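A, B, C and D label the chains in the order they appear, each numbered from 1.
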Amino acid sequence: MLDLLAAGPGQPGFLDLLQGALRPTIALIIGLPLLGFLLNGALSLWRPAAKGAVSVIGAGVLLTTFLVALQLFLQLSAVWHVKPDEVIRVTLWSWIPVGDLRVDFALQLDQLAMVMLLVVTGVGSLIHLFSVGYMKADEGYARYFAYLNLFVMFMLVLVLGASFPMMFIGWEGVGLCSYLLIGFWFSEPANADAGKKAFIVNRIGDFGFLLAMFLIWQATGSLSFAEVFDRAPQVLAAGGAMATAITLFLFLGCAGKSAQIPLYVWLPDAMAGPTPVSALIHAATMVTAGVYLVARTNVLFALAPTSQMVVAGVGALTALFAATIGLRQYDIKKVLAYSTVSQLGYMFLGVGTGAITAGVFHLVTHAFFKALLFLGAGSVIHSMHHAYHATHSHDDAQDMRNMGGLAKYMPVTAVLMGIATLAIAGIPPFAGFFSKDEILAFAFGRGAQQPAFYLFWGMGALAALLTAFYMARLMAMTFFGPNRTGEAERQHLHEAPWIMTGPLLVLGLLSLAGGWLNLPEFFPAIGAPHGVLHHWLEPVLEAGNRVAESVGLAPALSHGATEAFLVGGAILTAVLGLTLGWVVTRRAVAVPAHDAAPETGFWKVLYHKYYVDELYDWCIVRPLVAFSRVVLWKKVDQGVIDGGGVNGAAGLSRALGWIGSRLQSGQVNVYVVLFLVGAIYVLGMVAWR
Amino acid sequence: MLLGPSLAVSAILFTIGVAGVLLRRNAIVIFMCVELMLNAVNLTFVALSQAYGSSGQVFVFFVMTVAAAEAAVGLAIILSIYRHHKSVDLQQINLLRG
Amino acid sequence: MVEAVFWFFAAVAIVSALLVVTMRNPIASAFWLVCTMLCLAGIFFLLQAQFIGAIQILVYAGAVMVLFLFVIMLLNLGRDDAALKRTPTWFAAVLLAGVLASQLVPALIRYSSERLAFEYTRSAVLADPRMVFDSTLSAAQATLERGVPGDIAKPLFEHYLVPFELTSILLLAAIVGAVVLAKRRI
Amino acid sequence: MTPELKGLLLVSIIKLLVVFTVTMIGVALLTLMERKVSAWMQYRLGPNRVGFGGLLQPAADGIKNIIKEETFPGMANRVLFMLAPALAFIPALTLGSVIHWAAPLPVNFDFTLPLLGRFVHTGLMPMAVADLPVGILFVLAISSMGVYGIALAGWSSNSKYALLGGLRATAQMISYEVAMGLAVVPVLLLTGNVAFGEIIRAQQVGGFGWFILPLFLAFHNFLVAGFAETNRLPFDMPEAESELIAGYHTEYSAMKFSMFFIAEYTNMVTVSAMVTTLFLGGWDIPFTHWDETPGVLQTIATGGMMFLKVFFWLFFFMWIRWTLPRFRYDQLMALGWKVLMPIGLAYVMLIATAIYLIENVAGISSGLVKMLVLTGINVALGYIVFMVLDRGLLIGGSRERGAASGGLGRRAA
């Protein structure tokens, strides 16, 4: 590697040498989690009790992957320092060579993928470590880690894939793992149903992704990122129907995977899985895949301003909508789930605005603090569960009404959750402040060109207020006030073991300092430069920015008084939200869940999540089931397929068989004559072609 | 070079073999006509091997092996058919009739 | 000179082949088939395939046909008087054979190795003859280089070793099959 | 035609004529020799009336055969009946054309004849009518063609004795061809070529000496198979006079009968020459090396040597005829398929392994040592085969065979 660098980036042939040298490393990054999956899978079949080995393998491969990724990062940042637009592409083997379509099993590594790689492996490692403690008592320990490793493998394929089909493998793979892990405790029908729901809702999104791929293939004649993005500005008219269709279909995929309106419904249900899974898959990594996809295809989105508007609008609406639901949830994980949906909305607002860096930045910081929140919640649930388990109580360990005053029993968790709350609420200098503020600033800036973005900005700001509110509510209900767990149970509440608090601490640090990745210019930096992530991602976004400039929609920031107003407003909103949430919650009468009065009025609507699930059930599921039963089953399946297809085919075969059996005269000469006629025909075809 | 004429002779022999299979009813004679066809193909292989290395001759070698195996098994079958039917006339042996 | 000998062998082979088909007596058919095979062996010798020529006589004429003769003699088959009656099948057969020959012979008689090479260059897949044939060495050159059996042995044992071994299994199966079929009691 | 080609043709025609004539006369004399040797072995005189010591007896027989009436069986297939003796006769004669009868002769001439033009020949002329590169393969191929004459003769006579004789002969010859081919393979292993010239050269200078020593078992198998191929006693099943009158030639008379006769004796000569060529160094004069440089004298001397060796084997044929009793038919087939073929196969593998070990593993390059090692192996193998495996069975005496129960020869087909 070093002698490679000595040869000098930018020299002819250097990239080939580099790709050759990095090939095993990149294969290793994919291969290690796969190995972990295979080993753990084997263990889960043969030695489910060997938890020590499973932990070592499961967490070990992830840590090793992270270290490999880190080392790769160090090496490549040296390269990119000299020549930022070198993209490492490694073709492992040829996958689909059909006619003009040539899809290789290829991986690519650029700055954007590197960010995702580090987040996935880094946060993933922490969550794996946490899981070692959290899942300790579970029977499906080996299976759990096998799934988790498989998930990481697919996530890395998604991130590193060098073409749309490669990304789609990862896309589908993480969906599969998500399904498997949501329904991890599948013996309870609700959990299995939640898994199915996630899977089916995601199918709708995948359908959009597939259609987008077909259109891309039709428009550009290629599916690999490099070629598509290279050709797209030439073959796709800016703002044209094709570009808009492609990006809208892509966004449909994103909406499914990243839980945006109208396909967000699966994510809250996905909390049925183990909490670390929620942290890893349904907060930090998989659900951000949609954001990553938009960021990856920023060239295409830059070509379609309408789609950008849709993305930003849906993002803003989702942010606000989910935040309102989060106001009145009692399940600690549900609150966080809606919070996740809301924050994802922010990210889409960011990438929809064209501020890809801001969106990715929020993705990263969100990964830190939301993982922290989920793991903290996991720690709380762990403790609560132990308490209820010890006393054989059947109360809900996740209901915040049953908690209260936990700060006394779990000080470390409480402090870290507090940090995360400040981060997500947007209090400087915590990570969330910078990223959220940047998104809102860009949205406001774009409003100068497209006034609709002022509206989106307003929705985002309001959502920020609500975010601060429900987070304060969560903290107040969980950690402060009187304890409502119960007399006997209270004895069993305790802080989580170090293997769980350790990752929490690391994540806490990251939530605290994550904002330093991309400090805005107005912020007085201490030793750290401004806009690191911005510069880091510049080569990836360059093409998209060029397109955006040509369209006249380059992302812009306001400066001066407006900027000060925005920043001040954001801080004010956060503080206001936190205070309101704290005050309102502390003043409400707190009773355990089983004593709680039913919700009334608008609270009831919020509590029931605006009845969206019921709406979907009435509008889509039931008509579909009825249609399937009456038309598809009775008419199409029994009538057409069974009658015409199956029995008809049988009848046809019988008829043909009868004719054929007439030919079987047993006379060899006849056979030979027939054969010869065919042979002469073929010969004629060849000779007189 | 005798490539063209060899191929033509091979084609004629093959055709005669085909005609024999079509015309004759005696199983053994039909068998012999099949052997004739195989020989014609062998000639093709050898003629082409003259131009392009000995692989063609290796194929002839394989064809001969197959022919020998075929003759052994085929004649054994004909023998056992003869034991049942007291005839090797294929027009009378139509057990395969559908 | 070589051409003359070739055409002599070819003519005898074709006439004998016709006699194979037209003779009513199976023994006579077998005899003429042997004659055809010997002529073919002669042609093989002319085409620089001495080993194959010798093997042709040894295996076909010497073993396979003897087996045929043996079976015919054992079954004591007489004249096949029903053969070659002018039935509709007969006309169909002759017609078909005529069509086949009329397609094959004109297409093949002007064939040359240059034409073959040309056709291979036209095919995208077969542009390199070495993809189909093991070497571009002609048979005559190969014989000079490696001797008569070596000419065959080299590709056979290097290139086609697995098929060769499979052939031995085939022969074994054939032996077992023939014995099982032919023997009344085992 | 080029002068060189014409020269080659001329030389070949001369060789052809010489070989044909010598063979025919030789065969005629062989019939006399057979009778004389028989008489000698039975302590009687044999033919001694016609000519000096009965020397003209073959001529008298020939004349008698030519002028005798040709008889045809009533229901015979006339064409095949006529063709069969020729089919037996032609391959037998053809075989003589590839055998190297003497050391190559340097022949150089360049002359012009009126009408015919210029004839040129330079260099060595192999003392075989056709020095085929396929050599031994050709012999095996053509010898297998001899079956047709006998089979067709038996079938076309439309007589049960002839048919049975023909069938027996066919089966026997096919069977023993296998053993013969397997016996030839070790020789090819040692020479690495199939051409006769190369086989002889390998025994002259190739380092193994005459192959009879290093390949004794192959030699033995070849000899046995040769006896069976020529339908000589103790394997004369096809014409076992006590069972089948005269076998496949029961119905033949006059010159056609005599053609079978000639074919049989020609085959004897061929087999003798083959044994000589394959295992006794061909025309090689033992313990000398001057015969390796071509010259007229050398050719004559080696031709004499070849004659001596072939003569010995011909005598051996007759000697065996009056020494061993005839095999039963099932014993004959059992010997071919169950003894000679397995032994031949195993022997091929053993020798191949041994050669590999000697040359590649032990790294022995001295011809004498190689020969001695192989000879040692053969002695050991011979002991195993004849003394251990065959204990009182086929090759042993009939008395012992009767005593041994369950032997190979006892199973009736």
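A few notes on this one:
Methods note: a residue touches a chain if its C-beta (ideal position, glycine included) is under 8 Å from a C-beta of that chain, and two chains touch if they have at least 3 such contacts.
Note that the structure is a prediction, hence the values are computed from the model and not measured.
When the C-beta contacts at B-C and at A-C are tallied, the pair with the greater total is B-C.
For the pair chain B and chain C, the distance between C-alpha centroids works out to 8 Å. Chain A and chain D have CA centres that are 89 Å apart. Centres computed as Cα averages put chain B at a distance of 33 Å from chain D. Chain A and chain C have Cα centroids lying 68 Å from one another. In chain D, there is no position where the chain touches two or more neighbouring chains simultaneously. Each of residues 18, 22-23, 25 in chain B touches at least two other chains. Of all residues in chain C, those that touch two or more other chains are 51, 55, 63, 67, 74, 89, 92-93, 96, 100, 104.
Chain-to-chain contact here is organised irregularly, matching neither a line nor a ring nor a star, and falling short of all pairs touching. Note for the complex: chain C touches chain A at residues 89, 92-93, 96, 99-100, 103-104, 107. Interface residues of chain B facing chain A in the complex, by the touch rule stated above, are 18, 21-23, 25, 30, 90-91, 93-98. Looking at the complex, you find that chain D touches chain C at residues 1, 5, 77, 79-80, 83, 132-134, 137-138, 140-142, 144-145, 147-148, 151-152, 154-156, 163, 166-167, 170-171, 174, 177, 188, 192-195.
Chain contact summary for the complex, chain C toward chain B: residues 2-3, 6-7, 10, 13-14, 17-18, 20-21, 26, 29-30, 33, 36-37, 40, 43-44, 46-49, 51-52, 55-56, 59-60, 63-65, 67-68, 71-72, 74-75, 77, 80, 82-84, 89-90, 92-94, 96-97, 100-101, 104-105, 108-113, 116-117, 129, 132-140, 142, 151-152, 154-156, 159-160, 163, 167, 170-171, 173-175, 177-182. Contact residues on chain C toward chain D in their complex (touch as defined above): 1, 25, 27-28, 31, 34, 38, 41, 50-51, 53-55, 57-58, 61-63, 66-67, 69-70, 73-74, 143, 147-149.
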